[in-house]
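The structures come next, written out as structure tokens.
Consider the two complexes below, in which chain A is the common component and chain B and chain C are the respective partners.
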Partner chain A sequence: MSSRPTLARRLNEWGLLLGVIGAVIGFIIGFAIGTKAIAGSSDLDHSLGSDPGILLGYALSAVGFLAGMGFLNYPIGRLLGAKRPSEEDNAYMHGEGGGLGRYFRMTTDHKVIGLQYLVMILVFLFVGGLGAMFIRTELLTPVPSVANAQSYLTLVGLHSTLMIFMASAAIIGPFGNYFVPIMIGTRNMAFPRLEALTFWLLPPAGLILLSTVFLGGFTTGWTGYAPLADQNVLGMDSYLMGFALIGLSIGLSGLNMIATILTKRAPGMPLSRMPIFVWSVLVTSFLGALASPALIAAVLMEMFSRTYQTTFFVPSGGGSPYLWENLFWFFGHPEVYIFVIPAFGLIMEMLPVFTRRPLWGYRVGVGGMVGVGLLSFVVWQHHLFVSGIAPSLRPFYMFSTEMISVPTGIIYLVALGSLWRARTRFSTPMLFIFAFFFNFLIGGFTGVFLSDVPSDFSLHASYFVQAHFHYTIMGGEVFALMGAIVYYLPKMTGRTMDIRLLRYQFWAVFLTFNGTFLSLIAVGILGMPRRVISYAAYLQPLNDSASIFALALGLSMALFLGILIWEVVIKQRVAAANPWESLGVEWQVPTPVPTFNFDRVPVAWSLPYDYDTGKPAADFGPAVPALSGA
Partner chain B sequence: MSDVSPTGLTAIEEVEGGGRTLVFTSRLVLAANTTLQLSLLFAFLYLRANNFGGVFHPNGVGTPPQVLALISLAFPVIGVLALWAVWSTVSKSRESSALGGMLLLAVVAAVLTGAVRILLMYQFNWTLNSAGTYADLATLWYAVLLGEFIGVGLWLLSLAMGHLRGTDRLSTAHARAILEQWTYITGVSIAVYLLIQYAS
Partner chain C sequence: MRNRATAIRIVVIVWIVAAVAGDVALALGPIPPGQASDLASSESLVILLLAEIAWPVFSAVLAALFFTLVVNRLAPPTAEVSAEALRGNTRAQTTWIVATLVIVLSLAVYGTVALAIDQPGAGISTVSASLPQPASADQPLEVQVIAQQWWFTYRYPSYGGIETAQLVLPVNQKIQFHITSLDVTHSFWFYALGVKADAVSLNDNVVTATPTQTGTYRIQCSELCGLWHGNMADNTAMVVSSSAFATWIQQQTTLDAPIMKFLAPYSHTYEPSAQLIYGS
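Moving on to the complex of A and B:
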């Protein structure tokens, strides 16, 4: 290694600070240009600025942040025809040499990025969870008590949008980035800088969204329906820019994952032997890469509408709110599967470890996930059964939506088949796996009522929908996330959590979750619409039940975070090398994982679920040649 | 970059993927871009078909200036031809002294493409809040295409600079990927031109 780091490397050490400075400077410049130079600002509330000023300020603040982090160094160097970075520089960017500083700067090591994702997502989920606690506290009484209608709607919108942002990366972000390259036997992602970019788009997106509270908030919820979005104050711009950045992150992450999985697998690893989690990431990545451009198109139209008074969604100007709904849900429904399919993959990845049996019906399970992915592109109009869809289209979308239960059911069959005559170990991750299937089953059943046109007519926009959605996303994805954190933390950090304590936490979170959302299913069936601050007095007992359970749920989630921080960060409880006795290749490499993943070449790949014979997923051959300069 | 081992485990360095990865990913980008273009096409056809309020394309709202619109298509086509020549030369492993010239020609075509399309957008002369959704969508679509031309143009410039300054040898994969990207956007631009000019 050179004893004299280059200027770029020295600046990179201060990446986060420079990023913040760049964001502030970018916002000031963008705000000034947007406000002064762009004509045609909307005639809405301008007391805090103008739409062009805010939107351009946000855009340039994101650019400034990324520039400060060092993301523009490489492309500018290429534009000037400078030499490519040396191997030494690449090794530095990869985080070789270690140190805590890697986690606060741009790095190209997928393992560091995975951990960055994990921390960032937990922080934002905590913030979003606090929003949920405020919502349920407000709903303890049938009339407004703490908030007014406007601030309540902003709170609902912030909670839901922030959770959607984070849920889209909650599993692929930490676990996909960390484990996919290891599971397929490669040193790194296909485009490591792009991988870093997808992560570092998240903090600006989340913070821009949260900044809406300084701009009057927004009242549209996470769906951003027009023309309400056109009529909103400047806070709506935060929603639009945040969603644009998240859409970009989802799309780029998808492209990178697909390229990595399809072109960088180790020799001897055909698609038919890929770990099922990698399959789930592959399917999800296609959804992200192909669906997110529709969101970006819709968001661009709305940004134009708020800055240049275009009328894409205003009927009197030749537009239609239905256009937004179509474009949004063309992205929005696959988005739901972007949350859930990786959760399916993780669950099926962990299941054989605790049943000590091969995964039953591996190919069938893969087919199930591919089926869910394909069908997710042809169901979006079931969100519009009561809002503008041509009646003749309803049967098709009802049928296609109900069809999704077939591949989903196949995945359930794989799980049940794996449990059959299993020597199940009821360890904590396994409890989360069982809970996933229980919760998702309720989420699936309630979904059938919403896919069915007659019942959807009475349930649409009620708390029934909200409870259904939370059963699938929180009961499904978040339970899978918690199980995976317990399961994979020993590999990712070399630390572990108190499994006994986590059992109590599990039962607390499981019971309070179901208490909350079963109450809300009942509230929804009784006709309470979502996104309202006041409700009929006879609904108070059920609402109070939901609120009390929800507050207890919040405490049990906080307990999980508390245990995580106490055990891993403060107490630093050391984990065994392979505490679950997994046969997966990710558990065969040393902990901490070598900088470039492998110190010996993995050869002779087989399916990683051969628990009947106890054969690991890969044998290891000769030592990996060292990188020159490393 | 080595294409010998896709894992990088036996290659010395594998930071950005090999040539196969590059071309494959470039095509994935085209697929994602197609979704974006189809979203805009859907919006155009939907709004035109329904003509809400009768103001999709109100009387008195003209189309983009014909001559300038055609010129804005001519330069990208020249770029396609230049990039095809570049790719053809590189893929045959010819050490041609004309390669630098062809790259420069492509860069000039890209710069002129951007310049003319910016000029074109200033010539629309639409007042967007009263020109109907035809004008709204045409403006947005031209802006999106302009952004894409600029993005790919910058990539082309970086490849040309590396070649001209001798810091980076132009690979077949890069030549192919940039040709495909530029051709795709040019093709879409022609289709959008026809749609905006004649199908309103």
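Moving on to the complex of A and C:
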């Protein structure tokens, strides 16, 4: 055992600082090259710089940040002839004995990365939520009041884009990374450094997006429609580069999860014995890996249009706005199922724990998620029903979109079957599960009206759509996220929240959420388009109702965060080892989970839902000395 | 056991009452977007039918959730562990999937038929590019909607291609809207007529509707088009009697006469200037 830490370790320990320095240096170099060398012949420069300067600056700052964090140390070290890292170094990289510091550096421990994701997701959620509060405050009056047109649209764009970043990883980031390896009985992800990379792409993506406020903001919302995007000032580049990094993160995380789940399952665990949450992560990972390239291609083309003047999406330059709309929604529609399928899986994973019964219809539930995943690739044109493109294809996309309700309905069947004649325990996570089904039901049924072409003509691009997807994303995914935080915090941190206090918080957030978005459904039906700062005077009472509920909703969400920080960080309320008496493998390992999860890899016996017999799902017995060679 | 059966009965009765009451209320209440045009009426009808089917299904799922969650809880606990270990039921699963499939397929068939018969809403131009004839009972009146940041203007090719800032339409006359844009993508939303179609530069998006009620209506842009998107609205669009329309169009023609020679010749699309896209 060497007493002096190696160079690699020292670099890693100072990674965050080196990363920030790398980002600054990268930005300066990129900005200088872009502005001086490329932009000299461009007519697109603005007072704050030029598009090539800003884009190249952003790109190199992301590279500089990741290099400083230490992502290149291993490959470069090996290229220069360094030895393979020792067991000890590996354990160090895995965060062993790192204390609090390991959460601020690059580690290859999926549990550290899960918690890093959780914190980052919550930051995105609450910063984005603050944007929503400003938007609803502005909409208290039918004419501009607290914001002006530019700052309002920038707020809309920041709120939506940041929330999309958040939602892309809200379940799969914290809980997928933390629990999938444990649930499938392995010590590590297939590509641990890649897993760290998918997380460390998030902070630069978020900061680059937020930096748009220094560059004039952007007026396109999260959909970034061209040619409006071509017309926008430099703030548009922040959106494009931020989204490109998130697309990269989604795609790489998908590949890593697929590889891990397909190759690293414990002995005795065929696909048919995988916990249903792992199934949901597998399906989602295929969606992410297959859909995100379309997004990356689209934002890259728009970057080219803004720098090399390629006019991919500008009709007068020989391009087509429909090209952006198709590329964007070819990603964008699987994307919404990237949000919600992990929530389905997590809800179905938690249900048996509270119904004290096996999961009803495991196979059909898996089939439902796979069906949603497959169909999600052939529905994107419903975003273009009124665009004027390919009207003869509309019946097909109407059909495929309506078909999605069949596999989604199966999730409800599984829930009803699991709850049927069960003695359900009404713990706080169960309340969130119930709210998930209630909210998502409204989200699903509002979707029916949007999938049907004739009724969509009235509702398309109105607040009805806005309320619809907030019911699925916030009412579905974010409620599942809150339930999962309450449920899994005891495992992830060894601490717990006061679940009695949370009951009041639950009812506050449930009622104010529904008050807000039921008002907005009505606003949409009565004819209010999305993303407007001014609206018809007759819509003011309903908008005021939505705004007041929304501000109360914001307070209830802040209460959740307050309880979380107070109980877990400040009071450090100690949790029981298995407070929900779950049979899941993740609850059988000690808390805190050992660095490499298991002394020896467990052998899977069954699905972890045998609450009737209480039979454990896997064999955790100690290693047999003769077999392990000790 | 008897408590349970009673509870099921009560929940089913409550559901039936709620489903029937909801459907009756839907049938009696006003359904958006109203009856101001044939297109709006057909959209209202579709929305009503979808709501009539959706409400009973929606309330049934809610009733089942409520029953399984709450009513089970009210019965006195017999054991800590749930009664039976149900792992699935092929008949229930098949029934559920077949039932949802049937509902979905019939909705899709109905929607397709409605689309095929009424041809409502936006579709890329399939009509001849030659200038249209004056409107008559069987010949639709062509009205072009030109969107640009941040207002709409209208051209009437049957009346010499004059361009106006206000939209005025004759009642009970079939109108063929031709929607295009001079810069970024907009969307023309005439809520009362049930017309919504994206305005895309160098593209001609066609919607046909026959206004059936006179009145003053609101039109607005429904696709984010930049800074003043929220103010790209107009409360003065009018549907008037055909005689009032004739008077109005006569006035407009007189007003427009001096500027006609500066207007671009009528066309289904207009080449935008690069300046409009890229700004300064």
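Some notes on this structure:
Methods note: the second predicted complex is superposed on the first by the 607 of 630 C-alpha atoms of A that agree within 3 Å, B and C clash if a C-alpha of one lies under 4 Å from a C-alpha of the other, contacts with A are read in each partner's own complex, and residues count from 1 in each chain.
The rule we apply is simple: a residue touches a chain if its C-beta (ideal position, glycine included) is under 8 Å from a C-beta of that chain, and two chains touch if they have at least 3 such contacts.
This structure is a prediction, so every number in the text was calculated from the model and none was measured.
Shared-chain residue A:A297: touches chain B; no touch with chain C. Of the two partner chains placed by the overlay, only chain B lies in contact with A:L255; chain C stays clear of it. Here chain B and chain C are compared by how many residues of chain A each touches, and C touches more. Shared-chain residue A:T108: touches chain B; no touch with chain C. In the superposition on chain A, A:P315 contacts both chain B and chain C.
Looking at the shared chain after the overlay, A:K615 reaches neither chain B nor chain C. Put simply, chain A uses residues 315-317 to touch chain B in one complex and chain C in the other. Considering their complex, residues 40, 75, 78-84, 87, 90, 108, 185-188, 190-193, 251, 254-256, 258-259, 262-267, 289-294, 296-298, 300-301, 304, 308-312, 315-320, 323, 326-327, 330, 596, 598, 601-602, 624-625, 627-628 of chain A touch chain B. On the side of chain B, the complex with chain A involves touching residues 5-10, 12-18, 20-21, 24-25, 28-29, 31-33, 35-36, 39-40, 42-43, 46-47, 50-56, 128-130, 132-134, 136-137, 139-140, 144, 154, 157-158, 161-162, 164-165, 167-168.
Per the touch definition, chain C reaches chain A in the complex via residues 32-33, 39-40, 42-43, 46-47, 50-51, 54, 57-58, 61-62, 64-65, 68-69, 72-73, 77-89, 92-93, 96-97, 100-101, 104, 107-108, 111-112, 114-116, 118, 120-124, 179, 183-185, 187, 189, 191, 194-198, 200-206, 218, 220-231, 233, 235, 271-274, 277-279.
Of all the residues in chain A, the ones that touch chain C in their complex are 44, 149-150, 152-153, 219-221, 223, 225, 227-228, 230-231, 314-317, 321-322, 355-364, 385-391, 394-395, 398-399, 402-403, 405-406, 409-410, 412-413, 415-417, 419-424, 426, 434, 437-438, 441, 445, 448-449, 452-455, 457-458, 460-462, 525-527, 529-536, 610-613.
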